[in-house]
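Two complexes, one shared chain (subunit A), two partners (subunit B, subunit C).
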Partner chain A sequence: MRKQRVFILSGLIPALLLVLAFTYYPFVKGIVMAFQEYKLFDLRSVHFVGLDNFKAAFNDPKFIMALQNSGYWVFFSLILQFLFGLTLALLLKKQFRGRGVYQGFVFYSWALSGFLIGMIWKWMFNSQIGVINDILLHLGLIHERIGFLSDPKWAMISVIIANVWYGVAFFAIMLLAALQSVPSELYEAAVMDGASSFRKLWNVTLPYIMPTIIATTLLRAIWIFNDPTIIYGLTNGGPAGSTHILSSLMLDKIIYGGDYGAASAIGIIMIIILLFYTIFFLSVTKAEKAGDF
Partner chain B sequence: MKQRILGLSKFVYLAVYLLIMVFPLYWIVITSLKPQKDIFSFPLKYWPERFTLDNYVHIFKISKFHIYIGNSLLVAITSAVVVLVIAILSAYVLARFKFRGHRQIMLAFFATQMLPGFVALAPLYLMMSSMNLINNRFSLVLMYTVILIPFSTIMLRGFFQRIPASLEEAAMIDGCSRWSALVRIIIPVMLPGIASTFIFAFVQNWNELFLAVMFIDNDALKTLPVAMNSFILKFDVDWGAMSAGAVLSIIPTILLFAFAQRFIVEGLTQGAEKG
Partner chain C sequence: MIKRKKVLVSLLCAVVTVGLLAGCSGKNENSGNSGSGDKVTLRMIESLTSPKRTELIQAMVTKFEAANPNIKVEFISPPFDQADNKIRTMLGSDEQLDVLEVRDLTVAEFVNNGYVEPLNAYADKWKDFATVSAVSKSVGTVGDKLYFVPNGLYERQMFYRADWLKEAGLNPPTTWQELYETAKKLTDPAKNRFGFSFRGGAGSNGTTDAMILAFNGDKVNLDDSMFTKDGATIYSTPEAKAAMDLYLKLYKDASPPDSINWGFQEQVQAFTSGVTGILLQDPDVIQSLQEKMAEGTWATAPLVTGPTGKALFAAGGAGWGITSKSKHKEEAWKLVEFLSSPAENTAFSKDYGLIPIHTSATEDEFFKTGPYKTLIDMTDKPDTYVNYKPPFQYPGTGQWGQVTMESGQSLLLNKSNVDDTLKKWDAYWADQKTKLKK
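So, the complex of A and B:
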């Protein structure tokens, strides 16, 4: 018994200590910073300022814009990634010749860095020599080049397109695995009852994979909300802050502004949004269905 | 008839989707192989008339690209190995034993995957600078290890749970200690899972940008993403060199992915399902 306790402790201590010291400790410090005036270039005048950083955030049009953009960014990225991912998973469910190779060619995107994907799409979206403008012109869909990344009307749509491209694979992989676990007896029963393929999908497949759909959507929404990498690579929030989401704005304030207090305040607002989102999501979808996450 | 139309539309959908997924990669590779002046001339060439490696030669000339590659390899591999050792232990313990605090530890690991990690970024910078670890690759090895511990633990725990405990119990009855049962019996059975965790960790480390940007600005210590980031700031219009750099940064992850796709996908889905 004692031996077992020693084993448990020695197995856990390295992992726990590192995560506590270098994830939770700085995280808590970051939360405290939100209530301080904390500027990298003026470290001697660090002091508590109450809620000033939050007031400043809500008075900043850039922040309000980023708050709105975060909503668009998560909503449209998530819906589109899910729909394309589900379609793809359904089409790939049945074995066919070359399926493995096909999966390799459509799933590779998640192994790339969001930053490089941002860069590649920046090159393709280029308003003068970008290939997307060129293709659309050739197809006759547009008559003059679009400033995908320089026109504020288009910039947010453009970053979302790149993000959808990036994230479909994740949904497809998770949903495909879930689809392949649906017992074939369920379909046999449905066929005996004379169900159409649409009814099979609606009444058998979707209910069966619902726990995976719920868990994946919940997780994915949070990751999309938190991850600024693609935006950083594509527009870095430009033009004129029109593509910042909360996380990219926070990052910008840390890396380029050195304003740690303001950045942390945004971080806390993000945490609050995530908490509400998770509680809301789990209560509408009934938590027990989401498995033991 | 209806079947044929259905089959055909399925084929068309998959073909268009394939095109959309592959085209960006194709385009960056083709760009990197075009002579500088063809990159910027009309009409755009979808298949270059002349191929050249000039952009690749150029990028090694204008920067210490071989050094960035070396730094990235060093940091990514070292940290992936360390993560593996630490996470195998914690995952094994969490898979095989129930004890007070078990639930809380799992929850603490899960929470790191949900919280906006950048809240910790500024304090981490201050911590690293007070430990004199700014411009030191050790800071990256340390942080990449820490970041990957929770996810790797969750993933490996899923693999451990699929191996019956009777396997090591039999070995322990034969006089093996738990340590040696773990090392000699369990780990060999788990090699696919361990390999996929390693590759996942390597790819994450290889791609990581923001910590590296914060901690490293000495040119000789930069990793590839940091170098690419400063290229963008420095030569925003030199798409020849940048596309070559992007292709070189992508190659290792694509190769690993092609090699281990099946294992990783299995690991990700099963790890997540087992939670």
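So, the complex of A and C:
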């Protein structure tokens, strides 16, 4: 029995080493740095400063704005991605000619890197030479060019639109897979009972795929919250910080300030927010329904 | 059967573990002379990576290796966006690195952390050092020590649509005020045409600082350019306010509204695609202008001056330095000297679109005609086009671009006014000064 345990433990060592080195060490280091003055410019005077980095963050109007923006960013991106994704999945569930090819076209956005998507949309949104303004002008829907990324009223909406475009495919893929597992007998039974298509959707389909919905939205919300790439590529947080979310602000602190202390503090605040979010979400949706993931 | 499997698994685990540990400690082995005999391997890294540039540098390195059969050069080209971080990581983790590309933006940081070696002792013995221009030396110098030999300089000049100006019967502007007036006349939003290729996004301080420096003119302390000769910041003067008032007008009356968030790419793209008429940029855009625009539609002119008739300009650049931990400094210098020689540097500058570092190179026909000519003309009039030293020694320079961009955008969006913005900038540099004195 003991021999068995030794064997198991020794078998785990390589994986354990890797996990410790590449997951837990950076994590602990990040926590430590949040309480230090740790600037690339002056690595010789790294020292502990207590809660200064956190105080500085909460006194910074940019941080407060980013906190607020993170809320909008996650909420609207998630809801819209989910709704469009579900619609697409329902449409793709039916057999029709060329479905495979069509699926490929629908899903390809998921295969692009977020940064690249940011770059592409940046040119499309450009008010002088961008295609979106051109189309709207030619259709006669607008008479003056709109500064999608330069007008703070529009900028946050624009980055969310790009993000929705990116994430719809993810929900479509996941929900389609779940939909295909709904047994057809259930629908047959529902038809026998005289259910309308809305009732079928509401009382059969949705309850059946609920675990997938919970798991995907929970995961996706965390990804959206953490992912700065689209914003970094599109607006870099501008104009005047009006499109910064927490993760892009964190990146900004590192890239332009070399200030790892301030960035780590923001990182920790993000972790705390996510922790609360997860606890809240799991308790409202009753964790056991979410299944194993 | 099961036993055999167990033995196999244990063996595999042992091998993987040993492999992992060996991987962690392996760096000592290859830091010495690798390979046999006296062959020395130098590791060299570039920062401003772009496919064409990498190719040019690789060609020079190959030439160097052919001339020095006992030296092998391992050339690392990380992608531009990550290059400086990669260099920092390598330096911080004591990985072997001998020759590195240091930028004006990073030199103070590297010196501060003790990563790079002063080159004066080597340069004194170098026969071609005499022809290295004073500006080039100044770019690579921190305090009184030379830390890198630039591989070419970037200097701002004006590009304008010669055809538009001719059509409107205008001359290329020579002052900021004229630039504003000319740009305003060229602007016609109905035709999606604007006078000035404004840049309010990343790098916006290129415009704001240039204007404020030009307006302050003689008041500026050229060695400590964020401050006047009286020791106040350049943002605290009435001239700074005049400059910013004009800056605001330039954006509102003569630039695309969208340009508040534009960076380098959009700014240049707007010019090449015929949306904007005047562009202030470095010579590295010349090639893309030549490729995308018809000959004769555009021309170059010197930088515009402030009200006192002066334009302050800084040369930017990157160049080759040697790490302080290098074990092969002599060989590393040999490589730096080769890359910086008049022949190699002039060819590289021509091919990539930079100003060569040797004064002798300006004799070349290539730089006497065409779009580069205005830059040489500017050098010939040092009283009008005054060279200043950018404030790279301050820890806050790296963040300065971001600070000006954000507060500048608030100003352009009418969320704040010129006085408050300048107060903020004044406080930023006053604070930098006290930090530096500590």
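Here are some notes:
In the analysis below, the second predicted complex is superposed on the first by the 278 of 293 C-alpha atoms of A that agree within 3 Å, B and C clash if a C-alpha of one lies under 4 Å from a C-alpha of the other, contacts with A are read in each partner's own complex, and residues count from 1 in each chain.
Here is the rule we go by: a residue touches a chain if its C-beta (ideal position, glycine included) is under 8 Å from a C-beta of that chain, and two chains touch if they have at least 3 such contacts.
Note that this is a predicted model, so its numbers are computed, not measured.
In this overlay on subunit A, subunit B clashes with subunit C. Of the two partner chains, subunit B is the only one that A:260 touches; subunit C does not reach it. In the superposed model, A:271 makes contact with subunit B only, not with subunit C. By the touch criterion defined above, A:127 reaches subunit C but does not reach subunit B. When the two structures are aligned on the shared chain, A:71 is found in touch with neither subunit B nor subunit C. Of the two partner chains, subunit C is the only one touched by A:44; subunit B is not.
Look at A:241: by the touch rule set out above, it reaches subunit C but stays clear of subunit B. Subunit A is touched at more residues by one of its partners, and among subunit B and subunit C that partner is B. By the touch criterion stated above, A:174 is placed in contact with subunit B alone, subunit C being left untouched.
Overlap of the subunit B and subunit C interfaces on subunit A: residues 7, 10-11, 14, 18, 40, 129.
Within the complex formed with subunit B, the subunit A residues making contact are 3-4, 7-8, 10-12, 14-16, 18-19, 22-27, 29-31, 33, 38, 40, 84, 87-88, 91, 100, 102-109, 111-117, 119-121, 123-124, 129, 131, 134, 165, 173-174, 177-178, 212, 215, 219, 222, 225-226, 228-229, 232, 247, 250-251, 254-255, 260, 263-264, 267-268, 270-271, 274, 278, 291-293.
Interface residues of subunit C, counted against subunit A in their complex, comprise 6, 9-10, 13, 16-17, 20, 88, 92, 108-109, 112-114, 192, 194, 200-202, 256-261, 263, 266, 269-270, 273, 275, 395, 398-399, 401-402, 405-407, 409-410, 412-413, 415.
Chain contact summary for the complex, subunit A toward subunit C: residues 7, 10-11, 13-14, 17-18, 39-44, 62, 122, 126-129, 145, 147, 149-152, 155, 235-236, 238-241, 252, 256-259.
Residues 10, 13-14, 17-18, 20-22, 24-25, 27-28, 31, 39-40, 42-44, 86-87, 89-90, 92-94, 97, 99, 105, 108-110, 112-125, 127, 142-143, 145-147, 149-150, 153, 178-179, 203, 206-210, 213-214, 225, 228-229, 232, 239, 242-243, 246, 249-250, 253-254, 256-258, 261-262, 265, 268-270, 272-273, 275 of subunit B are the ones touching subunit A in the complex.
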